[in-house]
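The following pair of complexes shares a single chain, subunit A, combined with subunit B in the former and subunit C in the latter.
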Partner chain A sequence: MDSTVNPTLAHRDDAEIDEVDLTPVRTYWQMVRRRFLQNRLAVVAFILLAVMIALAIIVPTVTGDAYQKTSLLNPNGSPTTTAPLGYDDIGENTFLRLMKALQTSLFIGFAAVSIIFVVGVSIGSIAGYFGGWIDNVLMRLVDVVLSLPSLFLIIMLVAFFGTGNAWVIIFAIGLTSWTTAARLVRAAFLSLREADFVQAARALGAGRFRIITRHMLPSALAPILVACTLGVADSVVTEAALSFLGFGISPPEASLGNMMTNAINFMVRQPMLIIYPGVTLILIVLAASFLGDGLRDALDPRQRVEG
Partner chain B sequence: MSGHVRVKDLRAGALKEGANLLSVQDLRTYFPTQDGVVKAVDGVSFEIEAGRTLGIVGESGCGKSITALSIMRLLEKPGRIVAGSISLDGFDLVKAEESEMRQIRGNDISMIFQEPMTSLNPVYTCGDQIAEAVSLHEGKGHRSAWEHAVKMLHDVGIPDPARRATQYPHELSGGMRQRVMIAMALSTDPALLIADEPTTALDVTIQAQILELMKGLREQNKMAIMLITHDLGVIAEMAHEVVVMYAGKVVERSDVNTIFDHPHHPYTRGLLSSIPRLGEKRKRLEVIKGVVPNPLNLPKGCLFQRRCPYAMPICSTPPPFQEVAPGQVSLCWLTPDFKPPAVGADAPAQIAEEAAAALSVAK
Partner chain C sequence: MVTYVIRRVIQAIPILIGIAIISFLIVHLAPGSPIDKFRTPRVSTEQLNNLIRMYGLDKSIPEQFLSWISSFFQVWKTDNQGHFIAWGFSFTDGRPILEKVVERIPATMLLMGTALATTVVIAIPVGVLAAVKQYSIADKVITVLATVGYALPSYWLGIMLLYIFAIDLNLFPLYGMHTLGGSDDLPDLAWHMVLPVASLTIQSVAGWSRYMRASMLEVMRQDYIRTARAKGLPPSRVITKHALRNALIPIVTLLGLTIPTLLSGAVITEAIFGWPGLGNMGYQAVIDRDYPLVLAFVMIGGAMVILGNLIADILYAVVDPRIKY
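== the complex of A and B ==
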C-alpha cells in the first residue's frame, strides 16, 4: 500500500508512528481508576461509604445483640470507652445501636436498589428498544406508578404485609421507585436504537438480546448508575421515614428512623441522641450522591484522562 | 437453519467465478407515510458475480442505501419490501426468516457503513468488536477470536495491530476506524461485501489507501463487492459494472468502461459532465439543473424529464429499458444515437406503449 509513497514521507511516517507508540497502553479499568482518583470529592465519598459499610458489617457481628441490652441503672449515661456515644433513655449503648441501624439502613438501601435496577432496566430497555405499542403500554404503567403517592403506597403495603419486616420494606420501596430508572433507560435506548454502531451490530448478525445487553446497555449505564446511587440514598431516607412513622423497623431492632423517633422525646435535654442518626443519614445520602457523580464520569470511556 | 446452505461452504465448489452471487430482481421497497407512499426503491434489478465489483451511483436520496438495507433486511419502519426477489446464490433473502437473516448477516454478507466515526461502539475496544463478529459466526473462543481480530487488523494495514486492538475507537483516527470497520466486515470472510460510501467521510489520501485495500482483499478472498457511492472517481477506480440510480429506479446499467466512454442516459451524461477535469480549458462547470423530484410527487412518465435537456412530449410516457449497446441498457426514449424515437414526438400514449413493447426490453 505504501509502495507509491514518497520515500522521505514514508520515513517520516515511521518516525511518527514510533512516537505515537510511546504512549503507554492502559486498560479500560486502569483508565477508570485514574479518572475516578482525580475526583477528590468522589474519593472522599467512596472512603466514607466504605468505612460505614465496614463498620455496619463488623461492629454488629462482633458485638452480637448487645445493642438491645438495656441498663436501667444507666439511662442517658455519659460516654465511656465501651460506649463512645453514651447511652440512651433506657440505657442502651447508642454507638452499638447506631452501628446496627447503619447496617439495617444500608442493607435496605442496597437491596431496594437491586430491585429498582433489575425492574427499571428491564422495563426501560424493552420499552426503548421495541418502541411502538410495547413502549406505550410500559410507559403508561410507569405513569400509573408515578401518579400514586409513593410514601402512602409504601405505608399501605407495609401495613398490609406486616410492619417491622425489612424484606417487606425492601419490596415496597423497590416496587414503587423503579420508574425513574426505567424512564432514564428508555430515553437512552430511544437514541441509542438509531445509533450507527447499533445498526452495525445488526449488520453483523447480532440478535436482539445481544444488541440490548452488549451494545446498548453499557452506553446507557452512566445515567442508570447515577440513578441507582441516588436510589440508595432515597431508599435509606424512605426507610428512615417509615420507621419514624412507626411503620418500619420497630424496637428493639435498630434503624436510623426509629432511633430518631425515640430521640425526639428528649430532643432538648439529649440533642445528641437525634443528631447521631441524623448526621449518619445525611452522610449516607451525600456519600452516595458524590460517589454516583464520580462513577459516572469515571466509567465514561469518551472522557480523557487529564495529566 | 433448515433450508439455508451457507454460501461460504458452497463457494469453493459450486460457485465459480462468473456465476451470479447476488441477483436482485424488480426490488420494490416502499415507505408508507402519512402523506403517501414513498417509493424509495421502485423496480431495481441487477446482478453481481462472485469476485466482481458492482458500483451503484446516484445523488443523495435516489435509493442507493435503501437498496443495500433491503438486501440486508435492515430496513427501519415503516419501510417494507413490497415486491421483488433478492437471491443470494439461489436463496431468496426476501422470504428468509429473521433467524436465517441473522446467520447471513455478517457471515455471508457484510456491510461497511458510511460513518466510521459513529459505527463503532464507543464502549468496546476495536479488538473486542472484531472478535465479537468472529465468535458470533465462527463459534471461536474468546482467545482465538481475539487472535483472529489482531490478524485482521494487520491485514487491513494497521501498524502495531496487537496494541491497536486494545484501544478504543476514540483513540483512533478516521482512516484507522474505517480500517477497523473493514476488518470487522471481512473477519468472517463474507461472500459479498456491501460498502455504503466507504470513503465519503475520509480525506483523499486515506480514501486511496482504503480503496487499494478493498481491491487487494477482493482479489485475495474472491469476494463480490457492492459499492455504493456518489463519487464517480471511486467507481472508475473500483467497479467492473455500474448501475446508475435516479429517484428509486435504475436508469442505466453497463460495464464501467462503457459508462465513462459512451454514457447513454441523459442523467448519466449529466453526472459525468459535472466532474471538473484537469487540463481542460477553463470554463463554467456544467451541472444538472434542478433537484431530485419529491418522492411523494413524482412526474408521470420519465422521472428525469423535468431536468432533462433532451425532454420531449413522449417523456410523459414511462420510458422502456432499451439495450443501446451490447451489455448497456438505458431507461430512456432516446435512440442509441440520441435521436428522438421513431414513433414521433407527438405520438399519443397508446402508440408510445406499443413502441415500448417493440423496443428490445432488456431485463
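== the complex of A and C ==
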C-alpha cells in the first residue's frame, strides 16, 4: 500500500527536484483491484459466484425445457451420468432443475437489485445534489418506505398483484428495498457537493445532469456497490421465502424457493431434495456477503473494521 | 429530553400518514373488489349496489381514504354492543379488527420476548469471548458459526428444526401453542415454545454476537482500557467493569430497534410453527384478502418501526451520558 504513495512529494525542495520518482502511479481502480485480490476469502467468493452465474446461464440454455420433463416411471431415481443429482418425486432431473432454479433465483436477485440501484441512486443523488426542500421531501419519502414492514409489504404486493409472477416479485422487492442505496448516495453527494472538482466542473460550465452522472456519481459508487452485492443475496432469500409462503414462482417453473418448498413433503424419504437447493441458497448468501465485505475493504480502506 | 420526545412523536405523524397512503393505495390498486365474494348467481345487481353504497365504495378514493384514516385513529370508539369499531371488521369472520389484533398480542409478545431474552443471554458472552480472545480458535469457530447462522434463511432453519426435532426425533410438537384438548399449563406451553424460540434465537444470535464482538474490539483499543490495565487491575475486572459496560452502548441501541418486533412478530417463523400470533394472522389476512386486517397490520408494523427508532435514540441517551438531546 505504501508504494502507492509518492514519498518524495512530501518534502520536495529545490535540491531534490532532479530526482525523478519512478514508483508507478496507480489509479484508484488499480489499487482497488490489488487490495481486493489480497483478500483470499473475497476472491474465492467472487469465483464461486462467477461459476454459479456461468452454470445458471449455460446449463439451462443448452438443455432447454428438459428440466420440466417428468418421467413417472422413474420417480426418485438414483443418480446417472445425465442426472448427477438423481430424480425428484415426479421423475424430473434434479440437477437440471437446480440449474434452472439457480437461473431464476439469480435473475430475480439481479433484476431486483437493478431496480434498487436505479431508484436508490436517482433519489439519493437528486436529494443530495439539490438539497433544500427537494431533499426534505425525498428524505421523508425514504422515512416512510423505511418504516413500512418490508417483508409483509412484499408478501402483500405479490399476493395481490400476481402470485408466482417473477416480475411482480422483482418489483415488489425493488420498490421496498431502495432506501439504503438512496441514503448512501445522498450522504456521499452532500459531502461531494462542495468538493473542489465539482466546483471546477461547475465553473467550466458543465450542466447539472453531467455533473451528477459524470463527476459525482463515480465517487459515490463504492458504498452502493457493496449494498447491491448484499441486495442480490437478500432478494434471492426473499424469493425463496415467498415460495415457502405460497406466493413464489410455481412449478413447473423452477426456483430455489419452490424446489425447497416442494421437497418438504418428501423430506423423510428424500432429504437430499431439500438439501441441494438449500445449500445452493446458503452458498449464494455466503458468497455475496464475503464478496461485499471484500469490496468494502477494497473500495474504501478507511472503512476497514478490524477483525 | 421531554421536548425531544415530543418533537419526535410529532415528526412521526406525517410518516404514519405516508404509510397509510401507500398501504391504502396498494389495497385499492389490487385487482378485484371487496364485494367480489358476494357475487353469486343468487345475489341481484341491486343488492350488490346496496353493498357498494353500504361500504362506501361508491365514493371517490380520497373520500374513502379520509373516512378510513379518521376512524383508524379513533381507537376508543365502540358500537352499541361494546365492540371496538375503529379499525373496521374482518372480512372473514366479521369480528372487530381491533379485538382480533389485541387478543393475538400476548402470544406474539411471549414468543418474541423469550427469543429476545435468550438471544441477549447467549450473544453477549459469546461476542465478548470472541473479542477478548481475538483470532483464537474459539473466535474463529464463533465467526464461522455466526456467518452460517446469518446465511441460513429463516424458513429453511425452521423446517430443518421441525424435521429433525419434531418428526425424526419426535421430541417437540409440530404446531401451535398448546396441546389440543390438553391442559394449558406452563410445561406444555414451554414445550411448544422450544422450537420457534430456537429458530428465532439462532438467527439473531448470529447478528448480535458479531455486533457485540465489533463493539468490544472497538472499546478494547481505547486508552482508558490501557490505563486500567497499566494500573494493575486484574484482566477480568478490566473486561467486565471497564470494557463491557461501554461496549454495551451500541447493543442497547440494537435492543431498542428490536423491541417493536415484540409486537409485530415474525411472519415466517410464526407461519412455520403455527404460532397463534400477530405475524401469523397478518399472513392469513393476506391469503384471505382480508383488507381491513391487512391495513391494520401494515399500520401496526409501521408504527412499531417508528417507535423502535425512538426507543433506540432514547435508550442511547440514557446509557451514554455523553449524548444529550
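Just so it is clear, the second predicted complex is superposed on the first by the 255 of 307 C-alpha atoms of A that agree within 3 Å, B and C clash if a C-alpha of one lies under 4 Å from a C-alpha of the other, contacts with A are read in each partner's own complex, and residues count from 1 in each chain.
Note that in this section a contact is a pair of C-beta atoms (placed from the backbone, for glycine too) under 8 Å apart; a residue touches a chain by one contact, two chains touch by 3 or more.
Please read all numbers here as calculations on a predicted model, not as lab measurements.
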Request  = Count the residues of subunit A touched by subunit B and by subunit C, then name the partner with the higher count.
outcome  = C
Query = With the two structures laid over each other on chain A, which partner does A:S289 touch: subunit B (first), subunit C (second), both, or neither?
reply = second
Query = Which partner does A:A240 contact after superposing on A: first (subunit B), second (subunit C), both, neither?
reply = second
Inquiry  = With both complexes overlaid on chain A, does A:V137 touch subunit B (first), subunit C (second), both or neither?
reply    = neither
Query = Now for A:D196: first (subunit B), second (subunit C), both, or neither, which partner does it touch?
reply = first
Task = For A:H215, select first, second, both or neither according to whether it touches subunit B, subunit C, the two together, or no partner.
result = first
Inquiry  = Per the contact definition in the header, classify A:L204: touching subunit B only (first), subunit C only (second), both, or neither.
reply    = first
Request  = Name the contact category of A:L151: first (subunit B only), second (subunit C only), both, or neither.
outcome  = second
Note = Given the complex, residues on subunit A that touch subunit C span 140-141, 143-149, 151-153, 155-157, 159-161, 237, 240-241, 244-246, 260, 264, 267-268, 271, 274, 278, 281-282, 285-286, 289, 305-307
Message = For a test of understanding, state which residues of subunit B touch subunit A in their complex under the given definition.
response = 72, 74, 101-107, 110-111, 113, 115, 118-125, 132-133, 136-137, 157, 159-160, 163, 166-168, 170, 181, 184, 209, 212-213, 216
Request  = Note which residues of subunit C are touching subunit A in the complex, please.
outcome  = 14-15, 18-19, 22-23, 26-27, 29-31, 134-135, 147-148, 150-156, 159, 163, 167-168, 213-214, 217, 221, 264, 267-268, 271, 282-283, 286-287, 289, 294, 297-298, 301-302, 304-306
Key: Residue ranges of subunit A in contact with subunit B within the complex   = 1, 17, 21, 25, 27-28, 195-197, 199-207, 210, 214-215, 218-219, 301-302
